[in-house]
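Same chain, two partners: subunit A is paired with subunit B first, then with subunit C.
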Partner chain A sequence: MSVFVIIYFACLIASSCLAAYYEKRPTFLTLFSLTLISFVLGIVGGVPALRFVATAAGLLAFAAGISFAFREFIVIIAPANISKEVRTAPLTAAFGMFVIFTYAIAGIFAPWIAPYGESEVIASAFAMPDENMLLGADQLGRDMFSRIIYGARNTVGLALLATLAAFFMGAFAGLLAATKGGWFDQFMGRFADVIMSIPSLIFALLMLSIFGPQVTVIIVAVAIIYAPRVFRLTRAVAGNVVVMDYIEAAKLRGEKTWYLIRKEILPNSTAPLIAEFGLEFCFVFLLVAGLSFLGLGIQPPTADWGSMVRENATMISFGEITPLIPAAAIALLTVAVNFVVDWMLFRSSGLKE
Partner chain B sequence: MGDLLGLVAKRLGFGLLTLLVISVIIFFMVELLPGDIAQAVLGQGATEENLAALREQMGLNKPAVVRYFEWLGNALTGDFGTSIVTGERVSTIITERFINTLFLAAYAAVIAVPFAVTLGIVVALLRNTLFDRVVNVLTLTSISSPEFFLGYILILYLAVKTGMFPAISSLRPGMTFWELLDRTFLPALTLVLVVTAHMMRMTRAAIINLLASPYIEMARLKGAPPWKVIVRHALPNAWAPIINVIALNLAYLITGVVLVEVVFVYPGIGQALVDAVSKRDFPIVQSCCLIFAATFILLNLAADVAAILTNPRLRHPK
Partner chain C sequence: MSDKKQVLLDIRNLRIEGYTGEEWVPIIKGVDLKLHRGEVMGLIGESGAGKSTIGAAAMGFARDGTRISEGSIEFDGMELTTASEAEKRALRGSRIAYVAQSAAASFNPAHKIIDQHTEAPLHYRIQKRLEAQEDAMDLYERLRLPNPKEIGFRYPHQVSGGQLQRAMTAMAMACRPDLIIFDEPTTALDVTTQIEVLAAIRDIVDQFNTAAIYITHDLAVVAQMADTIKVLLKGEEVEQAPTEEMLQSPREDYTKSLWAVRSYQRPQQSRPEGEKPVISVQHVDAAYTGGVKVLDDVSFDIYRGMTVAVVGESGSGKSTAARCITGLLPPSKGQVLSNGEPLPPNYLNRSKDQLRQVQMIYQMADTALNPKVRISEIIGRPAQFYSGLRGADLKHRVDELLDLIELDPSKFYNRYPPELSGGQKQRIGIARALAAEPSFIICDEVTSALDQLVAEGILKLLDRLQKELDLAYMFITHDLATVRAIADEVVVMQNGKVVEQGPKDEMFTPPHHPYTDLLLSSVPEMDPNWLTTLLEERGVENVGEAADV
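Entry: the complex of A and B
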């Protein structure tokens, strides 16, 4: 029995005793059941299995710690009304905000953070990591780490632009349809139905095959594909606002459609729209990543997470995990946005169950 | 019963209409090309004679509306024209691949559907416990990961490091059924992971939604145990949303399959579509898109019809 195993079980048992002593029932149950499971795991999988559990728990604790610290940080620096909201946020949401913040920093300051340029060839193909290159080189000998940093700017930037385009188109059409009503509303509704009944990836592939894989085409294609979803939601939310008395009053005052949308309807339907923006971003981000994985996204030599996975996929058959890092970066950001959206939806709906 | 049939017929009619509109979109989208298909295929350096010959061969001299109806009529009888790049019949390229794709999707669905629905019910029963939260975070992670991420993780750990399953799903004619299942296990598992997460979350939401209704409160107050409340009282009313969820996710499988096929080099229709897109082989792109869209719509249609048929209020009219 190695020292690691002894320390492992000593830590678990000591902390479950502490939890039991302070009457923290859920914590105690979790810790103690983990101890029991570890006995079985240790017998079946040996030390590596226990090491895996310890690493996972350590990572989890690290993530929880950093989320907690980040939440406190926001509570202190944010103005009073925001910090009151943030104080009640669950740790997952704080974690999400932390990840989004990190990505934003990486994307904005990419040229200063990355040690090399995104298309600079500095080593031989698939060179191993050394003190110059944190993650080694890719299939053309470019620094993997620098390309991942630049990818934060290119991939996320493209997804953000596309989401904004889809969002503004959809929200504008939705607000207009809710305010105008009548045949315009009907027509837009049917139109949205038709677009939504084509699978999004297939529709994107169709458009890209015709107009070629350029950034503008991707943005327009994504905007056309996702605008109907935003339209549906905006139409539904604004539809509830339009029937209010104050809208009637504004109409009687003789206000124009544009004023009604901007001053009366929009301020009263922002909360669900912001949550929808987050969700929409996740869909768009995954679609764009999928397209660039298929070689139809941002074209080389610009660094882009999806195509990086594809180009370095051969390394996976040698047991390397480096090609998975860009894919993990995509997954992490999507999870983070989802966590934050979950919290916002929970808060705005006031759901307790 | 008349009402019920009327509803179903109306829904079917609407589905067919959507399909027609989509075929129009798919066909006329290609007409938006700067120049025409012949120009796009041969490039800028093409001579006038070559262009004219290709136009003649593809029948581009007829008006677009006439060509649309010919194309649609041929597609309905299973004739999708010929590939621009290789000159093969599109139907011979696609048919076998389409069967492969359907096999993969069915394989994934057979594992995912029972698993996801059971898990969804269990999680609804144990809602707001630690187990629920852990499952919530895990499914959220699975949904948020791109399909190729999950696929490569599975390749790395189940194929490269442990060698339990083959990393590439190449199919040969004359394979036994077991060999086939073994070869396609990893792509199927990738699809299962993605779809299960969606389906489970939606099943949980559907059941929890119902648990707020007064008749469930009544069942609880009369002292029925929690599992009985769910299985006897909530589930019969939850079937409609759950069937809807299943069908929606089967439809989702159809698009998810494209990326997974590329990751595992599986000879399916998604791979054919991606190849055709980068070669700009429009007849193949159009037919693949039409097949994908039709499958997607048919599944959605099936979901709606099943929802109508399982709705207790419609089945037993007052």
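Entry: the complex of A and C
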């Protein structure tokens, strides 16, 4: 019986007792059932299995701790009305915000954070991690860590621009269609249907092979693909607002369409739109990464997570985790954004306990 | 009755709390309620008094976001606060039933009425399908629904609102429950339809000796239905007494004030001499696109400083007439004159000044005020839009308007509509209309969504503003008590036609047009024998048909 196992069980039992003493029922149940499961795990898997459990629990606790601290941090520094909202945010949302914040920092300050340039060859192909290279080298001997950092700027920046473009187009068209109504609404609706009927990946591939894989083409193509979805949501949300009496009152006052959209309809449709923005961002991000993986996205030598996965894909058969790191970066951001979106959806839908 | 002495429902010291997002606040603050078998108890109070919460608690149910924090609810010897969900579920539908305010929203539109009716008896295996269907038809007959053999096989949207409400009562009766909770079952109905439902409910509760809790804010209605009345205010009991006693000698001041509300009346005014009417509706026909004619040769005049009440059941074309005046629905024939000048039929073609002249106050202040705009801007925008006021002038004007509607400018200037109470919202709606400096205001059921005391305040305010600003009002309502209080002239509408019009005094003294007579006699009165007397006069069997005249 190693010291680790003794400490492991001692910690578990002590914390279960503490939880029981302070009448934290769910915590106690979790902790104590973990203790019981650990007996079985220890017998079947030995010390490594227990070590794995301990590491996982430690990571979770670490993430929860960071989320908690980050939430408190925002509550303190944010202005009163925002901090009141943030205080009610669940830990998952705080974790999501923290991850997004980290990515933003990495993207904005990439040249200062990354130790090497994104296309700088500094070692042999697939060199192992050492004190110079945190994550080793890629297939051309470039520093993996630096490329991940630059990738945050390129991939996330591109996806963000494309989503914003899609949103401006879609939301504006949707608001206009809902306000104008009649044949204009019909026309916009059918036009959106036409765009949506084309498979998105095929459409993007088509555009990129006609106009060449430039950044602007990617942004425009992706924006066109996603704008109809935004249009449909905005139109539906705004459609519920335009039938309100206050819109009728504004119309009877003689207000113009632009005033109606800006002052009366938009403020009442923002909550679902912001939530949708988060969701669409994930889809756009995955599409951009997918295009890169197919070789039609951001072109080398610019660092990009999607193409990094493809370029290093061969390494997976040697049991290396290198190609999984950019994939994990994509996954983490998607999960984080979804955490935040879930919280916003919860707030906007008014679902309260 | 001998078993009347047996206590069926015994609620002791009930406390219910609601979660506001930060803390639990008390909603019900220690209410006792004792209901015997076969007894009907009326719960009355303003909105927020906790009537519906107590009604739900009688089934052992706490709505989402609320919890029963203290007290006991004993139903026929069974403690509901500690009973399991399964035990409570077995009671609901079979021994305790619930009739909601909106039958249209409570029926599933995808299933036939009778299928929904027989669901509970089949589920509890009380009856076989055919048996249950026959029983349903029997109940429909007792509730005096037309074609009781056939009506159940229709879908909910194929029957009228009053019939649906009766079908729902029949459904509640399906398992012959010991207790039925009626939550404002007639509030959404017209007065003429209300009578059928009231009579049907009263009869059936009587026939099966069912105990009932009848929740309403209308005193006259509760006087017809209940054996005892309990008055609630802000989650606390004010007083409880047998109906007769309560009506004749209410003890508490609050109860007396409730009773007194209906007495407000202002002197009638006559038309000013030698002036053109502010608004004159002349031989107007109107129809919605591709649909039926909803207005048929409607004419009436509204003079400066006068209030014209337009009354009728829902669907009579009152609101459509208002839409024609505002220009939202251009009339297909006829015209609307403003001070002798014809108004363009479509509001899009009207000038700023013509738009300014006609303002509107809406029924639902909730949907009439943009929840994301500050009060200062809601009121300020028309002033800015029409008069071009800016900066300090605009602020001064908004303050002036807030003073006019008796709200403190310093408190309300920067707030948002959701932070206000119903009556305050309606006042903001009035201020918005006044900000345009109109000569004519359409009041579309402005008080029907409000509690009686609040509604009275709004009526008094409108009356005062009319005197000060020399306004003309078109007052759309189905509530004849309001008409009696505020109108100078009355226009009675039915099926898109004007049936009768004239000064209020004439309208309220016989002889009437038969439809006016029906409307007037259908307004519930405080006398607990009113319904019985009325039904005798009309002949019980004819009550349904009488309403369809």
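Quick notes on this structure:
Just so it is clear, the second predicted complex is superposed on the first by the 343 of 353 C-alpha atoms of A that agree within 3 Å, B and C clash if a C-alpha of one lies under 4 Å from a C-alpha of the other, contacts with A are read in each partner's own complex, and residues count from 1 in each chain.
The rule we apply is simple: a contact is a pair of C-beta atoms (placed from the backbone, for glycine too) under 8 Å apart; a residue touches a chain by one contact, two chains touch by 3 or more.
Since this is a predicted model, take the numbers as computed values, not measurements.
Of the two partners subunit B and subunit C, it is B that touches the larger number of subunit A residues. Look at A:P26: by the touch rule set out above, it reaches subunit B but stays clear of subunit C. By the touch criterion stated above, A:A249 is placed in contact with subunit C alone, subunit B being left untouched.
By the touch criterion stated above, A:L206 is placed in contact with subunit B alone, subunit C being left untouched.
In the superposition on chain A, A:T88 makes contact with subunit C only, while subunit B stays out of contact range. Look at A:L286: by the touch rule set out above, it reaches subunit B but stays clear of subunit C. When the two complexes are laid over each other on chain A, subunit A has residues 353 in contact with both subunit B and subunit C.
Note for the complex: subunit B touches subunit A at residues 18, 21-22, 25-26, 29-30, 32-33, 127-128, 130, 137, 140-141, 143-149, 152-153, 155-156, 160-161, 167, 208, 211-212, 251, 254-255, 258-259, 262, 273-274, 276-278, 280, 282, 285-286, 288-289, 292-293, 296-297, 300. Contact residues of subunit A toward subunit B in the complex are 26, 29-30, 92, 193-194, 197-203, 205-211, 282, 286, 289-290, 293-296, 306, 309-310, 313, 316-319, 321, 323-324, 327-328, 330-331, 334-335, 338-339, 342, 353. The residues of subunit C lying in touch with subunit A in their complex are 19, 21, 64-65, 326-328, 347, 350, 352, 355, 358, 360, 362, 364, 367-373, 381-382, 385-386, 432, 436.
Subunit A makes touch with subunit C in their complex at residues 88, 244-246, 248-249, 251-255, 263-264, 267-268, 352-353.
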